[in-house]
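Below are two complexes that have chain A in common, paired first with chain B and then with chain C.
Showing the complex of A and B:
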C-alpha cells in the first residue's frame, strides 16, 4: 500500500531561498507546503510601520517582533559567549530577511570556491563554479539582477569575470555622483572600482517597478522595486504551493532507512501539528537551521552542525571629503574597491572588499554635531556642509571556517513557544586580523587622496549579517553536514537551503549563491519524485 | 492579464482566422515586391494595431505568431497565427481572400470571423492600403510554422454562421473620402475610424454587441477599464488642446492631465507611438470636431485646486502601536492609512506627485476627476504598464496586496482628498472590475435565451406530434 504524505516537499522557512525552491517545485507540478514562523505582512503595512516610528535607524524596527516569532533583536534571542557580539539583523515573516538588505547579488568567482587547493587555507567547495553557473543564471532572472557584463569582478583589471553563459538580465544603473567622484579620484592610485550587481533594478522586472532611488533599501523599499523574498512566496502560492504562517518548526522526526519522516510545528496558540512529506528542505536562516537540526538530533553524525560559523565580519571608515560628494542620492550602494578580492596574498591574510556606502547621512552627521555641542545657526550650516561631504566605507573580510565558532540552542533562554533561543560563540582569527592592517593602510590612502578629515577610522569589528558555514558543505560525510547537492549526508530526503552551507566565504554577499543553490535543490528533488 | 487595445473585451467575440486556408492561391514572388510597399504595409499594420491581438503568449515570441490567450466573457479566445505560414498562418491567402477577411469578416474557407476582429472598421480600408498590408504580411513578416490552439467558445457563441445575421445588422457603410472636408480631416477620420478602430473601445455596445452609433466615441467599459468619452464635448476631450491630444497619443502622458493605462497604454505602446506627427495631428484635429455627446459635467482638470490644505503629520500618521499583532495587521480598511502606506511613497502624501511628474499628480488627473472611478480602481488593481521609446512606466499592481474593501477605501480617500468627491466606490464595484468588468447583457441573458429556445423547440415538437397524430386518425 502506498504511503500517504501531506505533501511531496515541505519547505521550512519562507525567505528568498526557501520560496525560490518552493516555486520551482510547485511549477514542476509537485505538491509543496511552506512553513513560516511569522506572518504575511503586506508591504504597505511595513511602510506604515516604518513611517510611524521614530526608530528609523533600527532596521528590524518596522517588522513584527512577536514573542512566538522573534526577530534577532529580541532580548536574549542571541546570547554571545565569544570575543565578538554577533547580532545579525534577521526577520521572521513571509519573505524573510531580504525585506531589508541592499540586494547585492554578486557571484562567487571560481577561485573563491577552491581556497584550500589554491591557497592552502580554509576549505574548498565540493562543487565547481561551472556546476553552479547555470543556476546563477536562473537566480539572476528570478531576482531581476542588473549588472555589468564587462567588469572583471575579481578586481584584477582583466577581462569580464567570472564567466557567464548569459548576460545580466538588466544593464547596470547609472553611477551616482558620489560614486563617480570618489572613483575618479581614488582610482587614480590604481584602486579598482567594480560595479555591484544588484536586485533593485532600474528597469521594471516581474511586476516590480523601477528603482527610483528612495535610498531606503534598509529597512524597507517603499515601492517594492528591490527584490525581497515575498515575491516568490506569491509566485509559489500562485503555482499551487500552500503557505502556512504562524508555524514554527521545532522538530524533525526521523523515520525508517535514515529518512526524515515528518516535521512538527507549533503555532502561537500552542497547538502542535505533524506533517509528513517525501522530501524536506530546511530554509530557516543560517542560525535557525542548525538550531533546528541540533534540537532534532538529525544530520549531525559529523558533529559539524552549528560549527564553522562565519560572518563577513568587517570594519568601517567615515571621513569628510574636501569637496561635496552628495551621498544619499540613488541606490544605497553601487560597488567598491576590489583589489584585494583574489590573489596569492590569500595564503597570508583574508580577502578584502571596500564597499562605498551611499546612505543618507543626515542622522549620523547631526548626532555627531550635537555630541560636540554645536547648536543654533551653526548647527544648520554644519549639517549642510558635513552631509554633503560625508564618505562612508564599509569593509568586509573573508572568514575561514573554525569548529570553535558555533551557534547552539540556548540552555538558558526560550521563546514564548518554549523553544530554545540561540547561543553564539564567535571570534575573529589572525588571518582576518592580518587583513585588517592592510585595510587600515588603504583607509589612510583614501583619506589622503580625498583630502579628508577623519571621523572614524577605528571602528572595531562590525556585524555584516552574512551567515555561512553553520551547516557546512563538503565532499566527505566525516567533516561536513551536506554534500555538493546541499543534501544532508545522514538523511537522503533532507536538504538545506541556506547560506549556512557555504564552506568558503569569499568577500561577496552570499544571497545570490544561496538562491542558485536552492533552485538547484528543487531541480534535484523534482527529478527524484 | 493584459488586454490588447483593439480587443473589444467584455464586448465582443473573438477573431479566429483560418488555420486551414484553401490551397488555390499562392503569394507572389518576394523579389518583385518593393521594399517601400512593404514598409508602407508595416506602418499600416502598426496603425491598425494587428499585433495587439495576434501576438505570441510570451513577449520573446515571434511577431504575429498568435497563441496569446485572451479572457473574454464568452470564454478564452486564442489569437491566430497571421504570419505567411502556409500550413498554420495565412500564407495561402490570395489578396482577394485577404481583403475579404479584413473588410467582410470572412476567412478563406468561407467561415465567418467573430467581430472581435474589427472588420466593421477595416471595411473602410482603401484598396491601396490593403495591397500594402498584404505585401507586408506576405513578404515582410517571417513565417512561423507553428499552430495555435483552436478557439472553442461555448454554445451558442461557437456558431460562427450566426455572424451572417450580425453582419447584416452591424456591418455598416464603409469609410469614403469626403471631398467637402480637408485632407487633414479625411485622414484623421480614416485613422480613427478605419485603421485605429477607436470606436471598438470608445463607443458603447448595444444588446447584441453592435456599436451604438448614436453614442459614437462617447465612452464605454472595456474589460474593467473605462475607455472615456473622446467626443468634443466638455465632458469628453473638449478641454484638451490638439497638442495635448497628440502628446497623449504618442506617449500616454500629459503632465497634470492624464496618463494612459490598460488597453490605451497598449494601443500607445504597440501602435500609436509609431505614427507620424502628421498622422497623430490629423487624428487629434478629427477628434476635436467629432459631434459632442455629453456624458456628465465638464472635465477640466486644470481647474482642480493647486494646493491641498496643510495637515499636521501627527494627524496624517499617528505614532505606531508596537503590538506585534497590530504591526502584522494587513487588513485595515482605513483609506488614509492605506494611502500613506501604499501610495504616498510615489504620489506623495499630498497627492501632487513628484516635481518632475514622473509619478503623476492625483489631483490633476482624469482618472480621479472623471465621471466614474473605474480607471482609478483598475490602476490600483492591475497597475499601469506602458513602454514608451526611452522608458517604461510601471506602477505595480496592488490587486494581490489589497482586498476589494481596501481598494474601495483607498479609492474613496483619493477621490475625497484629491479627486472628484462626488464619486463613491463600493467594494462590489471593485469585485466586479477585478473579474473583468460588467458582464455584457447578451452573455448574462444567454441561459434565459437558451431556456426560451428549448421551450420553443418543445412547442414545435409537440405541434408536429399533434399534427401527425391527427393525420393518422
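Showing the complex of A and C:
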C-alpha cells in the first residue's frame, strides 16, 4: 500500500528564501505547504505602525510582536553569553525579515567561495561560482534586481565582475547627488566606488511600482517598490501552495531510512498538528533553523549545527562634510567603496566594505544639536545646515567560521508556546580586529578628503543582521551540516534554505545567494519527486 | 500672557472646545486617548490652564508664534506621563525665564549656564518633544522603552529641510529625481 503524504514538500518559514523555493516547486506541479509562525499583515498597516511609532530607528517596532511569534527584540528572545551582544532584527510574519532590509542584492565573487584555497583562512564553499551562476540569474529575475553590467564588483578597477550569463534584469537607478559628490571627491584618491545592485527597482517589475525615493526601505517601503518576501508568498499561493499561518514548527520527526517523516507545529491556541511530506525544507533563518534542528535532534552527526555563527559585524562613521551633499534624497543606500573586497591581504585580515547610508538624518542631527543646547532660530538654521552635510558610512567585515560562535535553544527562557528561545555566544576574532585598524585609517582619509568634522568615528562593533554559518555547508559529512545542494548529510529528504548554510561570508549581503540556493533546492527536489 | 499670540489663542480655544465637546457627548478617551488622564482624572479647569501655559512656554522655547494646540496637548500629556513632577518643573522653568527676562532664545545657552541642570533638562525635554515628535529615549535592540509618540509629520525638525528632502515614507514624486541636488544648493 502506497504511503499517503500531506504534501510533496513542506517549507518551514515564509521568508524570501522559503517562498521562492515554494513557488518554484508549486510552479513545477508539486503540492507544497508553507508553515509560518506569524501572520499576514498588509503593508498599509505596517506603514501606519511606523508613522505612529515613537521609536522609528527600531526597525522591528512596526511589526507584530506576539508572545507566540516574537520579533528578535523581545526580551529574552536572545540571551547573549559572549563578548558581543548579537541582536539581529528578525521578524515573524508572512514575508519574513526582507520586510525591512535595504534590498542589497550582490553576488559573491568566485574568490569569496574559495577563501581557504586562495588565502589559507576559513573554509571554502563546496560548490563553485559557476554552479551557482544560473541560479543567481533566476534569483535576480525573481526579485527584479537593478544593477550595473559594467562595474568590477570585486573592487579592483578591472572589467565587469563577477561573470554573468545574462545582464541584470533592470538597469541601475540614477546616482543620488549625495553619492555623486562623495564618489567624485573620495575616488580622486583611488577609492573605488561601486553601484550596489538592489531589488528596489526604479522601473515597474512584477506588479511592483518604481521606487519614488520615499527613503524608508528600512523599516518598511511604503509603496512596495522594494522587494519583500511576501511577494513570493503570494506567487506561491497563486501557483497552488497552501500557506498556513500561526503555525510554529517545533519538532522534526525522524522516520525510517534516515528520512524525516513529519513536522509538528503549534498554533497560538496551543493546538498541535503533525504533517507528513516527502521532502522538508527548513527556511527559518540562521538562528531559528539550527534551533529547530537541535530541538529535534536531527542533522547533527557532525556536531556543527548551531556553530560557526557569523554576522558581518561592522562599524560606523558619521561626519559633517564641508559642502551640502544632501543625504535623504532617493533610496537609503546605493553602494560604496570596495577596494578591500578581495586581495592577498585576506590572508592577514578580513575583507571590508564601506557603504554610504543615505537616510534622512534629521532625527540624529536634531538630537545632537539639542545635546549642545542649540535652540531657537539657530536650531532651525543648524538643522538645515547639518542635515545637508551629514555623511554616514556603514562598514562591514568578513567573518570567519568558528565553532565557539554558537546559537543554541535556551535552557532558561521559553516563548508563549513553551518552545525554547535562543542563547547566542558570539565574539569577534583578531582577523576582524586587524581589519578594523585598516577601516579606521580609511575613515581618517574620508574625513580629510571631505573637509569633514567628525561626529562619530569609533562606534565599536555593530550588528549587521546577516546570519551565516550556523548550518554550515561543506564537502564532508564529518564537519558540515549540509552538502553543496543544501541537503543535510544525515537526512536525504531534509534541505535547509537559509543563509545559515554559507561557509565563507565575504562582505556582501547574503540574501541573493540564499534565494539562488533556494531556487536550486527546489529544482533538485522537483527532479526527485 | 505677553508671549502668546492671538492666533495661537484661537487655535487653542478651537481645540479645547472639540475636546470638551467630545467628553460631554461620550467620553474624551474614546476620541482622544492621550486626553484621558488629564480630563478624566483631574478638574478640567486646571488642565486647561496648564496646557495654555504650556503652549505659551513652548512658543517661547521654540521661538515660534503659532504652535499647534492639539500637539501641545499631546506633548504636555507625554511629558506629564513621563514625569509626575513635570507640572512643577514647567512652572519653575517659566518663572526662571521670566526672572531672567529670557525672550530671545539665542541667549538660551547663557541662561542655562546660570540655572540648575534639572531646569535646563526640562527646557530641552519640551523643545525635543516638539522637534522630534516623541519623548523619551529609544532603546535600539528592545521591544520596549520609555518613549511616547507625539506626532510624525508635525515634528518641527522636518520644517527646515522640507523643500530639499522628504519626511520618510512620503515622496517627492518620481524615480531618479535624486540625481540633481535641491534647487537651493547654491545657497545651502
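As a working rule, the second predicted complex is superposed on the first by the 529 of 529 C-alpha atoms of A that agree within 3 Å, B and C clash if a C-alpha of one lies under 4 Å from a C-alpha of the other, contacts with A are read in each partner's own complex, and residues count from 1 in each chain.
Everything below uses one rule, namely that contacts are C-beta pairs under 8 Å (C-beta built on N, C-alpha and C of every residue); 3 or more make two chains touch, one makes a residue touch a chain.
The structure presented is a predicted model; accordingly, all values stated were derived computationally and were not measured.
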item: Residues of chain A touched, compared between chain B and chain C (which is higher); value: C
item: Which of chain B and chain C A:156 touches, first, second, both or neither; value: neither
item: Touched partner set for A:427, first chain B, second chain C, both or neither; value: neither
item: First, second, both or neither for A:52, with chain B first and chain C second; value: both
item: Contacts of A:171 with chain B and chain C, given as first, second, both or neither; value: neither
item: Chain B versus chain C as contact partner of A:41, first or second or both or neither; value: first
item: Chain B versus chain C as contact partner of A:65, first or second or both or neither; value: both
item: Chain B versus chain C as contact partner of A:211, first or second or both or neither; value: second
item: First (chain B), second (chain C), both or neither touched by A:383; value: second
item: Which superposed partner A:359 touches (first chain B, second chain C, both, neither); value: second
item: Common interface positions of chain A, toward chain B and toward chain C; value: 47, 51-54, 65, 203, 210, 212, 214, 222-223
item: In the complex, chain C residues that touch chain A; value: 61-63, 104-106, 108-109, 112, 120, 123-124, 127-128, 131-132, 134-136, 138-145, 147-150, 152-153, 156-161, 164-182, 185, 188
item: Of all residues in chain B, those that touch chain A in their complex; value: 317-320, 324-325, 327-330, 332, 337-338, 340-342, 345-346, 358-359, 383, 385, 392, 394-398, 400-402
item: Interfacial residue positions of chain A with respect to chain B in the complex; value: 38-45, 47-49, 51-54, 62-67, 69, 93, 203-204, 207-210, 212, 214, 222-224, 234
item: Residues of chain A touching chain C in the complex; value: 47, 50-58, 60-61, 65, 70-71, 73-75, 85, 87, 89, 173-177, 180, 202-203, 210-216, 220, 222-223, 324, 326-330, 359-360, 362-363, 365-367, 370, 373-381, 383-385, 387-388, 463
